[in-house]
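In structure tokens below, several structures.
Here come two complexes built around chain A, the first alongside chain B, the second alongside chain C.
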Partner chain A sequence: MSLTADALDHLVSRLQGVLRADQVLTSKADRFNRARTPAPFPVHRWSEHVPDVVVLPESTDDVVTVVRLANELAVPIVPRDGGTGLTDGAVPLRHGILVDVKRMNQIHEIDLDNRTCTVGVGINMLKLNEVLGRYGLIYPDNPASYPCSLVGGRIGTSGWSLIGSRYGHTRDLVLSFDHVLPTGEVMHVGDGIGGNITRSSSGYQLKHLFMGHQGTLGIATRATLKLFPKPEAELSPFFAFSDYDSAHRCVGALARAGVATFAGAVLFDEWKVAYLRRDDEAYIPQPSDVKALVCTALYGWEDEVRVGGKRLLRITREHGGRYLGDEISEGDWAARHDRYATPLHGRTRSGQVVPMSWHCEDASISHTNLPAVTRAWHAIVTELRRRTDVFDDWGMFAYTNGATGIDYLTEIDVGIWEQQLGEEAWRLWVQAKRDIAAVTLRYRGSISACHGSCREGEVDLVPEELGRGYGVMLDVKRLLDPNNIMNPGKYGLDRAYEGGGR
Partner chain B sequence: MAGPNGPIGYRHAEQTTPPPAARASDVAITRFEHVYEVDPRLMERWVLQQAFPNWDTLRIMHSRHDHLAWMHRHFAERVVSGAELLAELDAEPPTGTTEAPDAIQSEGGSP
Partner chain C sequence: MTETDDQRRSLAEPYTPGSGDGGEPWDAQPDTVAVAPPAAPGRDERTVEFLAEWHNGSYNCFSSGHKFCREVCPVVQVTRNESWSPTAFHANVVAMERGHLDVADVAADYVNCTQCGACELRCPNTLFTGDFYRFRTRTVDVVKAMRALAVDEGVHQPAWQRWNASTGERTHEPVLGDTPVSQEHVRDWADGLDLPIGGESILFVDCEAAFYRTSVPRAVAQILQRAGYEFGLMAEQWCCGGPAAEMGYTDQARRFAEHNLADWRATGARRVLVLDPHDYISFTEDYPRYFGDDFDIEVVLVVELFAEMLGDGRLRPDVPIERTVTYHDPCRLNKRKGIWREPREILRAIPGLTFHDVDRVTQWSYCSGAGGGLAIEKPELTAAISARRIEHAATLDVDTLVSACPWSERPLTAAGAEASIDVVDLHELLAESLGIDVGGDAGTGR
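Coming up: the complex of A and B.
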């Protein structure tokens, strides 16, 4: 429920007393633009998620001031970075204060000797790398949202990187950070003393606890990041297969090959190929016997990439892969971030084009379980589409989580015709998400490899996935956020305040 | 009027008359190399096709290529050609298999 007019006036007045006028935004445009993320959104209930006021802090002290005020007035507070997350971490479920960190985007230090940099969390990785490139360095955190997501959001969601099999994911790349706890205290968290230390056995390992909490345990403000030499060479071959099973075996063999410059491998299933053949310029001309695709990417010094690349090319050839050529391979890899920027359209069952937003449900699935999960997930989305034109199955892909190929970020992409969403379609969608998560758990997977799992539907199954660990989450939440002001309503954590901690 | 490389000018009729369409698939047509359009029959109800002058269609395509080239340079100094590596492989004497046989891998995973 939104604040009453009097309470809002009081809150804004108090905020304007501690921040400049241009750091406190109350207009409809400023608030409505920060109500949602790219995840499917019940647009027919948009007004339920609009913040009462937006603040733009410029320092850790600004954030501390706002968090303390929120505690004093018992007003919900929600951090928002790029707003590109897919599990609604930045969506203010209970209105209140939205903390937009974009102005904390300074590069405070580049330490060339120790290969680290310290930045405000409002900086975007692409912009950071434009600066680091001048020094021959790169910060290789590479989500699909690379051009528009921010370092702080990557911390709050414990992000997943497209080249993580080579360089690690966000939790490996962020060494330490300043963090404002829900009570307004400031903590520096990392391995041991933090700073630019990469490994410590001193004390509890708290860094992971304060990454991936979706804004429920506080707000990161300043981070020290691990840097690498900017790669000399890149190789990204794409291959066509006549059947899914051969492609599945091939992607596993690529991941298990032990090539040091291996940055990732991806398997696209038959549904994804059909979607691409419908609307993607690279695949419209492909022959009909193309039923699955595999791509891989390598980064490093050119001599290493060439040797490793030849090994991986031999593997794909042995598994029946047909090289799609340099133009498609290089173009598709360079386009890996583009679904955040490209207008999308789907089809009704009669084939007519309709405007759709892109969405994907994700999970971590072991290699051996990919075929069964793929079949089960498509059956769920096929049933959705049978019932309404609001949903369109855009296929699945599986992407290596790491260099040895144990498990895969597994996604089913679903086009959603948001203008046609109503209560009934939304109910179908939430149930489908619940069913998708249930399949994941049945095959001993994790509900999310990448996005988080705190939206309607899948969040119901998180206690089942985590077991006693979920009770610990409730205990931690209650301890650190005694007034439940920090992003309330997420992950079912309200029950921490209902005597349900254990 | 003539520019340094010959006549320049904008002729409205010329720019708004696209080349004839060739069918690319059941659901797509093509008028320019590397440019595909949804079959106009599929854009008659919910989303209608927009008229683009030819220069704008080509500008969008070239901008896209510029963007992709920029992204390669952003992540690495150069791109290794897969076709070139495959040609090198073809010229090499055959080697043994690159991985242990599938038979020794676990095939478990049923719930």
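Coming up: the complex of A and C.
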């Protein structure tokens, strides 16, 4: 429920007392434009997600001031960084104050000796790398949203890096950060004393607790990041397969090969290839006997990439993969990597091209279970499609994680025609998400490898997935956020409070 | 869930809807789920027309929500305000359609755009793909359309209203502030050059160049003379009308275009030589839209002409210019028109220059902030954007930033003064290297 007019007036005047006028936004457009993320959004219920007021802090002190005020007045507060997340962390469920951190985008320090940098969390990784490039360095956190997502959002979701097999994922790359707790206290969290230390056995390892909480435990404001030498060479070969099973076996072999420069591999299933063939103008057409694709990427010095690449090429040959050549490999890697294979239109069942939003349901699935999960997920989306033109199956990707080759970020891309999205379609969608999550758990996977699992639908299964761990989440939430002000309603955490929350 | 034979078959055979190759792999049920949004009540005809035109285009952006446009947007870079992002400019249309917002709620937000076009290039809907399904993102057009709707609905931005009123009265933009501009003085920049009126080729000199940075048209005219290229000036040149179109004053824009076309026809012009990228947009995009097939005037960008003349030897610069320069890709050339090669060819033909180039794609996120009327309504944002551009130049250890757009040069010159970086126009530099004493005012007191 929105604040009453009087309460809102009071809140705004208090905020204006501590922040400049241009840091407190109250217009309708300012608020409507901070209600959603790229994930499908119940556009027919847009106004339910509009914050009451938006603040644009410029420092940790500004954030502290706002959080203290929210805690004092018991007003919901929602952190928003890039607003590019796929699980709604930045979507207000109870209106309140939206804290948009984009102005905290300074580079505070670049430590060339220890290869770290300290930044405001409102900085984008691509923009950061434009500066780091001058020093021959790179911050390799590399989500699909690399050109637009922000460091703070990556902390809040603890996401996946596409080339994380080479350098680690967000949780490995963020060394420490300043974090404003729901009560307004500031904590520096990282290994041990924090700063630029990467390994510590001192005390509880708190860093991971304050990453991936989707804004329910506070707001990161300034982070120290791990840097790497900018790689001299990149190799990104694409391989075609005449069947999914061969491609699946191949990607497992690539990941298990133990090649140090291996940064990751992506498996495109038959539905993904068919979708690209029909609707992606950037897709370079392949013969119709191509049913699945594998791409892989290696980074490092030229000599080591050359040797590692030869080994991986041999492995793909042994699995029936056909190398697609330098031009396609480089061009398509750039396309996949940069624009993320999403034409943003799909088709109705009769073939009409319509604008659709892209949503991917992700999960962490072990290699051996990938084929079964793939079939079961397509069956769920097929059922949606049988019912209505609102949904389109855009196929699946699976990304490898690390040299062990065990876990795969597995995602099914679903096009949603939001112009035609009403309550019935939304209900079907939410149920489909529950079904997708149930398949994941049946195959002993995790509901999310990357995005988080706090959206309507899948969130219902999180207690089942985490068991007693979910109870610990409730305990932690209640302890750190006694008034349930921090992004209330997410992850079912209301049940931590008497009466189920506010 | 059990996997039926039917489902397994569908998985084995992904299909293309509508391809007619045997139809769907399963029995589709009649669609009782999809619902169009209810029309928002109480809309006037003009707003309904606007929404009908921009409904799908805006949804294409809204549906994506990726915001790849955000970090390349010059306004977002300096304000970090998501309400002023290309994504918001589309989402507002969707919100209007749904009845959440009106033009009065958003009109002032649409000031915050230089119409540089970076967002369109960076958009996943456009990048690499062209316009296969006519779903290309058209932020610039959306912004222009929303501004026009605002004006038509009586929602004015005060500085723009004054600017366009003054332009309407004097037929030129009030680029000299309190010093009036007028038809009487529109050719003053050409004093002593002995230029004829009329002829097959007409040199069009935009307001900023004609009244403020007069060194630019003087350089262009004298280079053309040096190359033996015959050209004349208009009998009565008015503003091209482009700025009015950009700010939403579409009737005035059209009126000016009609005047200029009539003037060209009256003096026998077959082609117009253009020295300003903003005019180039007006003449290659707006005018053809206004006049359709009747617009039979060839539009020649002098930057391209000069590159050609250097290539075939009609121009031979031989005076060394001892400067260390970088080049600012004017947005309307690089981002809007894909013209980036020729300016670099010109720079590389000038002896003595040390040229530290920054590639055109990196420059998608660079801008002077002077376009789209931003400098008129929010000069402080233009100044901040120009300061950022100069900061980028400063990392290259250059003493000079070369631009090819008179509108960019005023704010860049001001920002450059703070950083001891000269801002020079490409045409001025070429003229100097040809041994031409350009004369005129370069806006720097030089």
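By our rule, the second predicted complex is superposed on the first by the 487 of 502 C-alpha atoms of A that agree within 3 Å, B and C clash if a C-alpha of one lies under 4 Å from a C-alpha of the other, contacts with A are read in each partner's own complex, and residues count from 1 in each chain.
Just so we're on the same page, contacts are C-beta pairs under 8 Å (C-beta built on N, C-alpha and C of every residue); 3 or more make two chains touch, one makes a residue touch a chain.
Because the structure is a prediction, the values reported are computed rather than measured.
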First (chain B), second (chain C), both or neither touched by A:Pro231: first
Partner chain in contact with A:Gln352 - chain B first, chain C second, else both or neither: both
Touching partner for A:Leu126 - first (chain B), second (chain C), both, neither: both
Chain B versus chain C as contact partner of A:Tyr323, first or second or both or neither: first
Touched chain A residues, chain B compared with chain C: C
First (chain B), second (chain C), both or neither touched by A:Arg249: first
Touching partner for A:Arg103 - first (chain B), second (chain C), both, neither: second
Partner chain in contact with A:Arg278 - chain B first, chain C second, else both or neither: both
Touched partner set for A:Ala257, first chain B, second chain C, both or neither: first
First, second, both or neither for A:Leu19, with chain B first and chain C second: neither
Chain A positions touched by chain B in one structure and by chain C in the second: 126, 130, 277-278, 281, 335, 345, 347-348, 351-353, 355
Chain A contact footprint on chain C (complex, rising order): 1, 3, 7-8, 10-12, 14-19, 24, 26-29, 31-37, 56, 59-60, 62-71, 80-83, 85, 87-88, 91-92, 94-95, 98, 100-101, 105-106, 109, 122, 124-125, 127-130, 132-133, 135, 362, 395
Contacting residues of chain A [partner chain B, same complex]: 126, 129-130, 133, 138, 142, 230-237, 249, 252-253, 256-257, 277-279, 281, 284-285, 298-299, 302, 305-306, 309-311, 313-315, 317-318, 323, 325-326, 329-331, 334-335, 337, 345, 347-348, 351-355, 366, 368-369, 372, 442-444
Residue ranges of chain A in contact with chain C within the complex: 25, 27-30, 32-34, 36-39, 41, 43-44, 46-47, 56, 82-84, 100, 102-103, 105, 122, 124, 126-127, 130, 134, 145, 147-148, 270-271, 273-275, 277-278, 280-282, 335, 338-340, 342-345, 347-353, 355-358, 375-376, 378-380, 382, 385-390, 392-393, 395, 416-422, 424-425, 428, 435, 439
Of all residues in chain B, those that touch chain A in their complex: 24-25, 27-28, 34-36, 38, 42-47, 67-69, 71-72, 74-83, 85-86, 88-89, 95, 97-99, 102, 105-111
